[in-house]
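Report on the following structure.
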Amino acid sequence: MPDALVQVRNLTKSFSTPAGKVHAVNDVSFDIPRGSITGLVGESGSGKTTLGRVLLRLIEPTGGSTIFDGQDLNRLDARELRDMRKRMQIIFQDPVSSLNPRLKVGAIVAEGLVAHRVGTRRDRKDRVVALLEEVGLQADHMHRFPHEFSGGQRQRIGIARALALEPEFIVADESVSALDVSIQAQVLNLLLDLRERRNLTMLFIAHDLSVVEYLCDQTIVMYLGKIAEIGPSQALYRDPAHPYTQALLSAIPIPDPARHAERSHLKGDIPSPLSPPSGCVFRTRCPMALDECSRTVPPPISRGSHHESYCIRTEARYEPTSPIQHP
Amino acid sequence: MPYYLFRRFVGMLVVILMVLTIAFVIVRLAPGDPAALMLGPEATVEDAAELRVRLGLDRPILIQYLSFAAAAFQGDLGTSIFFNQPVTSILAARAEPTIFLSLFSLTFALLIATPIGIYAAYRRGSFADQSAISIAMLAASVPSFWTGLMFQRYLATELGWFPAAGYGEPGADFLERMRHLILPSIVLGIVNSALILRFTRASMLDILGEDYIRTARSKGMGERRVVLRHALKNAAIPIITVIGLTFALLVSGAVVTERVFNIPGMGNLVVSAVLRRDYPVIQGTLIVVATLYVVINLITDLLYLLVDKRVKY
Amino acid sequence: MAGTSFAGEPKFLDLLFSRRAVPVALAIFVLILTLCVFAGFIAPSDPDRMSVRSRLTPPGADFWLGADAFGRDVLSRLLYAGRVSLGIGLGVALISSVIGIAIGLSAGFFKRLDGALSRLIDAMMAFPDILLAIALVSILGGSMVNVIIALSIVYAPRIARIVRASTLVIRELPYVEAARALGSSTLSIMFNHVLRNILSPIIVQGTFIFAYAMLAEAGLSFLGVGVDPSTPTWGTMINEGRQYIDQAAFLIFIPGIAISVSVLSLQLIGDGLRDAMDPRLAKEL
Amino acid sequence: MTAPVLEVRNLTVDFRSRHHSVTALRDVSFSLGAGRTLALVGESGSGKSVSSLSIMGLLPRNGEITGGAIVYRRKNGGELALNGLSQRAYRNIRGAEMSMIFQEPMSSLNPLFTVGDQIGEMLMLHSDLDAAARRGRVLEMLELVEIPAAASRLDSYPHELSGGMRQRVMIALALVCNPALLIADEPTTALDVTIQAQILDLMRRLQHELGMSILFITHDMGVVAEMADDVAVMYAGTIVESATAGDLFANPSHPYTRGLLNSIPRPGRDPGQRLVPIPGTVPSLSAMPPGCAFAPRCGWAGEECRKPVVLEAFHTGHDVACFKTREVAGNA
Amino acid sequence: EEINVAIVGEPDTFDPMMSTKDVVSIVTQHLVETLFTFDDTWAVAPLLAKDLPEISDGGKTYKIALREGITFHDGSAMDSADVVASLKRWLEVATRGKGVADKIDDVVATGPYEIEIRMNEAYSPLLSLLAFSNSAAAIYPEEILGETIDQVVGTGPYRLIEHVPDQYIQLGRFDGYVSREEASDGAAGARQQIADEIRFLPVPDPNTRVEGLLSGQYDFADSLPAESYARLETAEGAEPMLLKPFGWPIFAINHKAGLLTDLEIRKALQAALPIDDMLFAAFGDDNFFVVDGPLYPEGWAWRNDAGIENYNQNDQAKAADLLKQAGYDGTPLRILTSRQYEFHFKMAEVAKVALEAAGFKVQMDVVDWATLGQRRNDPALWDIYITHSPFLPEPALTSMYAPTSRLGWANEEKDAILTAFTTETDTAKRQELFSQLQGQVFEDVGFIKIGGFNALMGHKSGLTGVTPSPWPFFWNAKTN
């Protein structure tokens, strides 16, 4: 891929819990091209957040590496990592818990500047004002506390905080999931504006496939800690190769009574990450699984330019059986 | 589960070891020479030196600590300076009144406080609720010895309803001894009911705000059933643990109450021991009481596991 | 979708005062505090001045709150004693908070220390408070400073436990992660994010410890192992007054009421603070 | 159209607090026809849950119905005014004739009772079945809601089930007494899309089989389109538009409804085409603008919008609360 | 029938030789007996001895005949061997015994029921010492004697049945007891075993003793607070019992080290003390104290007026002058006291105020009694400690006169008087010598007697046969 800002290579993270080892992210590799937005979708518990965190080395990976602009993050020592933090940032899902309720908005936005001793107190104040205005807030908001804002405004504060250090790369973890649709659109537009203005590279984590399709250039579908499918959004949405992607897409309720989706029914729930199925992790819910699926871990199979599906049956397109007829 | 039990058990042993260490350190902080203390004012310097050797006080502190801890784990807590008897047997002789005093006052507190706490939570904001918490808070604000003195004076001496003090005459039978514990149990129970009432109310309030209570109501069941079947069972879990925690409160209260009512329990013993400078007894009481606390809390935690199926280990 | 109404969120003080008892308690406590702090100006006489012949005079024109067994003015003594009692309470609340915060933060923040520190906390908490205080005071000797030290040792683990528990929760919150992502140092995270946010539960707990310490001081004095008896405290006043329960019951009633009222108002204030700081209750109101 | 099972007329609900009281619902009216599904949509805080709780008689203690009427038509045909009904009388129909599914499948089941117990309890309250018969019926229900290995799940505790399973249990619980009216308050919001799809399918199937009427609450226009026969759109405590689903999606006539539909990213739309967000935020209940609550965010708003606005028929079966309806619709 | 007696604390031993504590005396006098005892007028009377001794050789030889047919609680008979062995142990281990040991050459059995004490100098207080129940010359069977005595076996009218520490000490009638024939007279004469059991209940808290007595739980309660007098008087079932006079509070002075080694300062101290106020504050009620200077109260043969003009001066101005003369440099005067006895503490509080008015800098060291017991042995730690004593039948039983006491009060003139006093046997001459000694106490400020005070005890209505005493006994007691 041309000019990848972030290269994720065989990234693995498992947590030891009293109940056993949780394989949250399992041998994941992909590239994020500079200046593009990559979407990461998957069901709850599929490892999206964990991937976002190990990728930034906010938690230590169990294996694999992230190469950021040519530098392997896992080789950096604590000081180098702190310096590197200026270049990559994260925005969180929950607009309530991601802002310290005891700090004023000004202090929240300026935190990164203070941590890296950027500028004088005055400079920082000016920067904060500029940032607030950039995300659509007002200068005098810096003297208020987070609880005096609405959800959408809080999310903007979080974005301003992330932008303060002028990062090149941002991980947005479910940054719009907690917002009402009318507000969500405002924030999505803001993110698009920012990308245009600042040439930001972004990893956008979401569980809402429509949002990802709308926003992202490239989409990654995750299932149980592994990538199921990755590809340019347009290609992936138009021509989903992995049965899981197909099922996901067909499960999206479409806001149009005239266009009832034809459902592909997935059986059961996502298995426990404590004991993922052997071979292809999706096979337990896959309507077209073969015996072989339990034996081989599927390799990436190309479906076009930069479009890969991790399914040995990628050629055999799954035709959904139409479920119940509506009156 | 067995692994969990094992881990908890090991954890408990570590805490008990810590308890021993703290008790050892506290008493070692005491100024003066324990040997001279044991021998009393008339002892000569040579006598004291000889005793130091006999007690092992001349050895390095670490060795002393190790042998102390080793002995303690075998149930030997040293010898009382004042009584010249093993601390364990002295404590054993004082256990009965303290145990029953604690049991009675806890029972009293539970009988009074839980129903009121539940009712108060159910009718929160009502006059009954406000009065219940006000009274509870007041009860927790009055020094318990003050209450004790008043009760002793007016209920025992003036009205003669209860024995004023003591633990029955020599040879008194069990019932007679217990009769002497009624009034102190009430005094001690008052403070505890205050705590348990507030705690019951609080956890009941939490539970009553839960989604599944709304589900229960949506089933069309009566309020009584909602509260007593669905809420109480859930509220009981935190209440069980708080009962374990009140043990320390009970013992603290027992120290004062036993003193007021001259009940020959461990609380009274420890105050006397302080006045007599009987350090081994102070140390022994600290260790025994703290160990009991640790064990009781382990038991309540395990009870918790039995009742609450959610807890994972 | 979680709805948060932002403009309608009640203000802290509104919440604090939403229970009618709280402002009253606060007023009473501040009054008591002021009277005691300015005892030097307010007290009608020297608290140590004796006129033995007027001993046990009941409250009246000469002695507003009566005279004690030495013929000392009870009101004056009450005020001066209050200074000590409140001082002990406050001292214990402050010192135990500082120690507790230090231990709790370290345990919550540094995994390596956590095991040992939380066992230490458990072990300290296993000793009943009065019992531990008695043992410590008997060994340190009974003076105001030693009583404060002993009670601080007793109560610090309680704070430490709360601090540790909250630290463990807060350090996992997204805003702490955000701070780490920004490259903030551990120390600045500890103070700016963790400590700032657990301050309110600590203040609440501190108020309660203030109250408990005053009760404990009285208990220690009652048992004869408290502050050295020539220093008047409310506890020693009750203890001295005990003997005159027949002739001069006011001698134990007056300091008893002083303690109870102070402790009660502190507890009410603590409750009020807690309610005001608990967002769940805030919603319910 | 059949006779409505449920009719809500001018329902007004206030919440008291020590200092002030707020009006959470203002003149809310809608009706639910027998065997139909009415979706109540709206953003967070618009009053969807308060409406459903008012119908169930489960408003929190500081909430009070201060106006309007809720009329429920019983299975036996009799009409029952639910507002002002005694708690005792309410108890007989709650669970038996109308029941409710909540948003949070995690916390809506009592953690200390088995699934079988909790469903069985419903039968104990509303039927004469003995223990064995109850168990049989519960098992039947679990199978009906497609819980695999239902027999072994009877004695499971809620924490042993996944979110989707729990929501199925909630549905079984709600339906075990064959209610005529099912209120589902965001039953799938907490679930993943694939699970949501399963549950929505299940509910539709059960409605066909059992024939109850459903009041379906959601904030997701997609789900509305999937599920609803009729739709009522709520904004800040009032209904701003109500119509059949087809009509509403085809001719959204209230500026808010239109804004809502425009701000949703739809699958398959042109890349790069920007969404059209609604500016501003929802007003808080304690600071409602006079007149139309949506006016401050509305591009069409004019002077008259400061006056109180009511829900009026725009055309048959399609009611809108807006002075500018015609302009808006014409602009479509 | 049993008698329940509330005492102030737990005796730390049942061997009265080993302790000078009052609780020990009170309990053990029922268990073990001495050769002599005191009658109602504090005159020495025979107990295990047949009669008063024959004193010969200028007061240096005491021949003591023993009663026959006395058995110990273990059933063995008492003979001279037991007595000799017991007395020898007394001389070795008991505080008071050790005090006279250097004057005694030997104790020998001169017959199965006769012994002789041979001394190297005359020492007139010896008989009183042998009669005293405090650090008592108790008689044990020879076999049980050792460094410590585990099982107390005596000849007393009661024997120990059970001891539950801090709970009770249960004594039962000793059936083998042989009482004296004479009529009861104080501790002397017949000892009747009316009660089947006597139980001593340690009740450290004075208020609890009062409440327990009033509620009928105790038949007798020792050492009650003066404040409860009125309540006891009006109460239905209980009566106060006043021991009048009981004893005298003392400010003991450190002559070995510190501030008060200077006579001027001692005099300043003496001048400054407001005795009236101290006593009034301490005892509250005129019923309970007398402001009385002489070392012995009204009615005692030892009473005299020597030196009492120095008593109760209450003159802080004079004290200030004296301090100035002495060149007092503001070194704090350390008063060591405890609250075990509330009146000690109260006197100290009042004294402190007056002393400060006179210009002293005062430091109060309020410690518990046990600590006080230790600290006072170290002259570096105190200037004054506060104590009290009952009026003892023999002045020489008060150790403070002796230069060897922990006060270390020594001056040539006084020491000469003291030696003369203890060797003199003639009563009239001894009284004269004592008045000289008393004069020294005031002039050289050896220690300070504050006054006289009474002790309050209480008993259930209907309890008879108990005489007020610092060491009340219950063998003649009867309840109905």
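Chains: A, B, C, D and E, in written order; residue numbering restarts at 1 for each.
Basically, contacts are C-beta pairs under 8 Å (C-beta built on N, C-alpha and C of every residue); 3 or more make two chains touch, one makes a residue touch a chain.
As the structure is a prediction and not an experimental result, all values here were calculated from the model.
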{"item": "Chains touching both chain C and chain D, listed by label", "value": "A, B"}
{"item": "Maximum centroid distance from chain A, chain identifier (CA atoms)", "value": "E"}
{"item": "Between chain C and chain E, centroid-to-centroid distance (C-alpha), Å", "value": "46"}
{"item": "Between chain E and chain D, distance of the C-alpha-averaged centres to the nearest whole Å", "value": "92"}
{"item": "Cα-centroid distance, chain B relative to chain C, in whole angstrom", "value": "22"}
{"item": "Inter-chain centre distance, chain B versus chain D - centres from mean C-alpha coordinates, in Å", "value": "53"}
{"item": "Touching two or more other chains - residues of chain C", "value": "1-2, 6-7, 141, 224-225, 242, 245, 284"}
{"item": "Per-residue multi-chain contacts in chain D, two or more chains", "value": "43-44, 219"}
{"item": "Touching two or more other chains - residues of chain E", "value": "207, 368"}
{"item": "Touching residues on chain B, where the partner in the complex is chain E", "value": "32, 36-37, 40-42, 82-83, 85, 90, 93-94, 149, 152-153, 156-157, 160, 163-167, 169-171, 259-262, 264, 268-269, 272, 274-277"}
{"item": "Interfacial residue positions of chain E with respect to chain C in the complex", "value": "206-207, 225, 227-228, 230-231, 276-277, 280-281, 284, 339, 342, 345-346, 349-350, 352-353, 364, 366-368"}
{"item": "Contact set on chain A toward chain D in their complex", "value": "43-44, 150, 152-153, 180-186, 188-189, 192, 207, 209-211, 213-215, 233-234, 237, 247-258, 260-261, 263, 265-266, 268-270, 323-324, 326-327"}
{"item": "Chain C partner contacts - residues on chain A that touch it in the complex", "value": "53, 56, 58, 82-83, 85-86, 88-90, 92-94, 96-103, 111-112, 114-116, 147-151, 158, 161-162, 164-165, 178-180"}
{"item": "Chain D residues touching chain A - in the complex, by the definition given at the top", "value": "43-44, 148, 162-165, 192-198, 200-201, 204-205, 208, 219-226, 228, 245-246, 249, 259-269, 271, 274-279, 281-282"}
